[in-house]
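So, here come the structures, one by one.
Below, chain A partners chain B and then partners chain C, in two separate complexes.
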Partner chain A sequence: MDREKVTIICRCNDVTLEDILKAIESGIDDFELLRKKLKIGFGPCQGRGCLVIAARLFARKTGRNLGEIISNYTFRPPLVPIPVKYFTRGGEK
Partner chain B sequence: MKVLIIGAGVSGLFIAYELLKRGVGEITIVDAKTPGSGASLRNVACFRSSFTSPEHVILMKESIKKWLEIRDSWGVGIHQNGYIWVARKNETIDVFKKLSQFHNSYGVPTRIIGKDELKEKEPYMNIDIVEGALYDPTAGKMNLMEVFTELYLRVKKMGAKIIPYTPIEKLVVSGGRVKSAISPRGQLDADVFIVAAAEGSKKILESIGVDVPIEPVPRHPIVTEAYSEIIKAGLVIDWDTPGSPHITQTSHGSIILARDVKDEPWIPLNSQRFDAIYKIVKPLSELYPALRYINITRYWMGYYDMTPDHHPIYGPVHPFENLYIAAGFSGHGLMMAPMTGVVIANWVVDGKPGIEVAENLTLERFKTGKLVKELAVIG
Partner chain C sequence: MTSPIDRRIYEHPIITFHRGRKIKFVFEGREVEAYEGESVAVALYAIGIDVFSWSRKLNRPRGPFCMIGKCSSCFMIVNNIPNTRTCILPVQEGLVVERQKGLATPPSKPLEEEVEEVELNPDVLIVGGGPSGLEAASILASNGLEVVVVDEHFKPGGQLLKQTHKFFGNVELFGGQRGFQIAELYIKKLAEYSNIKLLTQTSVYGVFRGGIVAAAGRNKHYIIKPRAVIAATGAQERLIEFPNNDLPGVMGAGGAQTIMNEFGVKPGEKALVVGSGNVGLIVAYQLVQAGVEVKAIVEIMKEIGGWFVHAAKVRRLGIPILTSHTIKYVEGNGRVEKAVVVEVDDKFNPISGTEREFNVDLVLLAVGLEPDTRFHAQAGAVMKYVPELGGLVPIRTRDLETTVSNLYVAGDSSGVEEATTAILEGRIAAYSIISKFTSGSRAQQALEEMEKTLKFLWEEYRSSPLLSRARRGKESVTVSREELLELRSKYPPPVSFG
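On to the complex of A and B.
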């Protein structure tokens, strides 16, 4: 509905509540697949803003365990986005 | 016929897809973790047929045909926008000419392109540091996340049962046949067993005394924030820098950069290297100076499941009548996956792969010493 269209879950990639509900309805029953299909957590925030909200929504809709869902996500470096140029000076080739 | 496929990666799913198309009804796919959690969704999502062995060239050519059919019938993002191998040294052009001759003799239309054409194809590239390039117009890239989820949903809708979090610890044999697969969650029986579990295949087959020479070697890609199109080709490879740094831009706009930074096999995928980002971005930002101002958002690791001759292991596992393997793709599992499905499904249903070169790729070759030679393993 309208509220679902304007409720944004992932702000980096403009993923709405409607996008997530539709994807779950289409048969995606794995949170990592849902995340990857919609690119939730693929932006500059790397999931800090959206991951828990999306996971909780997924758990509620599918009856799955929230802890199990979240445990598949790996946090990786860098913690915040860093420009490439900081890695181009000095050091070995 | 009950079929158990071990590994719900892109290979396992395509095998299920082709078996279901051939009317094999009862298919279960198990995965140690979740669908696509191995190399299937960790790679740079590109494809090419410009290899240097007849086995790879022929199978990949057929695979590209399949990918293009999939693009048209599934309506997913698959783009045949070419590979570009860049030469920084003049003498490399001679190497490219030889490679191109080999490709052309197998009907892969690679060709040398000069600096002017390169500038046209890659307007953001610093042409001053390159001498020319080898161009493969039939190669390309895909929206991997879209393609994989579509494949997953289709296989499920066609009737396959996909069970996550079910690591297979061993197989049980009786009278020359595999009878069941054992996981901590219970026992799975089937008439046919297909092991498509990348490096995990090694331990599974060890349990019945079969040696699978696969060593997983970590790769270290990084990805940036999303931008409008900067990299036009499917993949650009910096041939003259050791470890062949390569770069692609996803349909999402993020840019993936990677390089072979030489690593030991079996190193866990959470043990990041402190030098990886430096080594990857330095040569590639010489090639694309605009990269310098773009933010890196993530650095991850994934395995190339390497075999001694860098070719996959396909087909029946002797002496067992009902056991097959599809593993050890050595970094090319995604691009080959549609043909993996065809070849293994044919083997199961008809007793032969239906494409002759696949018979050179059985596990037997490591016993008989008939290894396949591949010279260029890049993306």
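On to the complex of A and C.
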């Protein structure tokens, strides 16, 4: 068993521990870049499972401060998955 | 067709499960039976469906994980709509449910449901109908304020619904009652007020310019412009990294509590619990009550994390608690069949040769909770990462107002503690708002009640050495009114309420 290949960090987008470690080794030294490259937290759960684990891994590997990494995160709407039907009635009223 | 597998619990030492009438729906071409009041995810799990979906890139099977609408593991295609959170969708006659294999395709036919636009202008919007939100709602309403409570679940009560242990403390704080009974009391109490609008199965999805909060659910789209908001949005369970940590059978401890305590369905046959904090200890005890064999609790630290009273209960049941141990990996074909644990040294590194195998079908992660503070952060509240509180939480005054004017935080989203503090915080936020929005003796009385509650919370309740860690955390994010105003002008939030 290749441990890192089957250790899942982001369940929504299937980002593995291996993906994250490789990306950091390749020279990514900014957490936002890492997120954007791997789409960590871009799935429908909006990072509720993965964000903190990914940030903790990144902090450990790069020596950055976990609190700073997390505090700079931006949470955009929608906060949760919403069916498109709620947004399709534009132009009236 | 009736399924040969039935995981429903019919006899339980402390809970009687009142099941509703039988409901039939279609799952992947066959008719299945459920009971009214069950969620689609639970109804399927009850008849032996372990795999809820196959992941979008790696095609890995996924099963129940959080069961409260926070993760994405239970997404299915329901009546042609993909990515539906089936854990917070009640079963209904005639639903057509299919599992997702990989990335879902958009619906193939146009939607016929009409969505109604609704504008609401309450005095107070409460996001989250857990202990904090419900306590706040009842106090605000009894003081004549117009309240809207929004909750994603189809039944209010939040995580009280799955708490089966008796609460400590005095009667006024529900001492001696079990969590799910407290939820029932709140539901009854709230029904007495015509000035509370309770929107279940509805999700707040964003905060917008001008202090507008948007929500959607039950074919209604809400534009809400409140004078104040209490965001009591709770917490979500933590994941940890180990090989096959996404295999069905690996669940959040809370997810399993929802399945067995709220819905009366057995989450597995043989379990391993990871983490010996109060949640891990309590869930082990509850698993035994539900008829599940608990093989062991593993704890990475040298000492048990939870309270002695809970640990003693678990020990009396003969469940070993393995300290200085962690989970190494799990294996199984479509579901956990084996878990391997390993001893760790002083630096938490695994000691090779100390591996132990457990034949289990359930691995529960009780490794902590993380406040769900996305709403507060999006509104522009100044946030701080506080490990003692489980993660990112808003800076607040002692009466729980954040740097966004009239946005309050309460309950686990203000920093993870437990239900009693959640109730007390909901009460504090409510009285603070009443003292601002009313005048004369009512406002004066609210201030007095608020001070009384604050005094009890900080000087009595949180003075227990058992709560010192959380207390330290909360102290580190509580600022004076002057400091709050300074932060507000230094980091002006994009929105304000009131």
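As a working rule, the second predicted complex is superposed on the first by the 87 of 93 C-alpha atoms of A that agree within 3 Å, B and C clash if a C-alpha of one lies under 4 Å from a C-alpha of the other, contacts with A are read in each partner's own complex, and residues count from 1 in each chain.
Everything below uses one rule, namely that a residue touches a chain if its C-beta (ideal position, glycine included) is under 8 Å from a C-beta of that chain, and two chains touch if they have at least 3 such contacts.
In this text the structure is predicted, and so the values were computed from the model without any measurement.
J.: In the superposed model, which partner reaches more residues of chain A, chain B or chain C?
T.: Tallying touched residues of chain A, the top partner is C.
J.: Return first, second, both or neither, reflecting whether A:G49 touches chain B, chain C, both chains, or no partner chain.
T.: second
J.: Given the touch rule stated above, what does A:D30 touch, chain B (first), chain C (second), both, or neither?
T.: First partner only.
J.: Name the contact category of A:Y73: first (chain B only), second (chain C only), both, or neither.
T.: It touches chain C, and chain B stays clear.
J.: Using the superposition on chain A described above, determine whether A:L21 touches chain B (first), chain C (second), both, or neither.
T.: Neither chain B nor chain C is touched by A:L21.
J.: Touching A:T7 in the superposition: chain B (first), chain C (second), both, neither?
T.: second
J.: Once the structures are superposed on A, label A:A59 by its partner contacts, choosing first (chain B), second (chain C), both or neither.
T.: After superposing on A, A:A59 lies clear of both chain B and chain C.
J.: Going by the contact rule set out at the top, does A:P83 touch chain B (first), chain C (second), both, or neither?
T.: After superposing on A, A:P83 lies in contact with both chain B and chain C.
J.: Both chain B and chain C touch chain A; at which residues?
T.: Touching chain B in the first complex and chain C in the second, residues 13, 43-44, 46, 74, 76-78, 81-83, 85, 87-88, 93 of chain A appear in both lists.
J.: What does chain A use to touch chain C in their complex?
T.: 1, 3, 6-9, 11-14, 16-17, 43-46, 48-50, 52-53, 57, 66-68, 70-71, 73-83, 85-89, 93
J.: Enumerate the contact residues on chain B facing chain A in the complex.
T.: Interface residues on the chain B side: 33-37, 41, 145-146, 148-149, 152-153, 156-157, 164, 224-226, 241, 252, 254, 270, 272, 275, 277-279, 281-283, 285, 291-300.
J.: Residues of chain A touching chain B in their complex?
T.: Where chain A meets chain B, its residues are 13, 26-28, 30, 32-33, 36-37, 39, 42-44, 46, 72, 74, 76-78, 81-85, 87-88, 91-93.
J.: Which part of chain C faces chain A closely enough to touch in the complex?
T.: 55-58, 60, 62, 65, 69-73, 75, 81, 83-85, 111, 113, 115, 117, 152, 203-208, 214, 216, 219, 221, 236, 238-246, 329, 331, 370, 372, 374-375, 377-378, 383-385, 391-392
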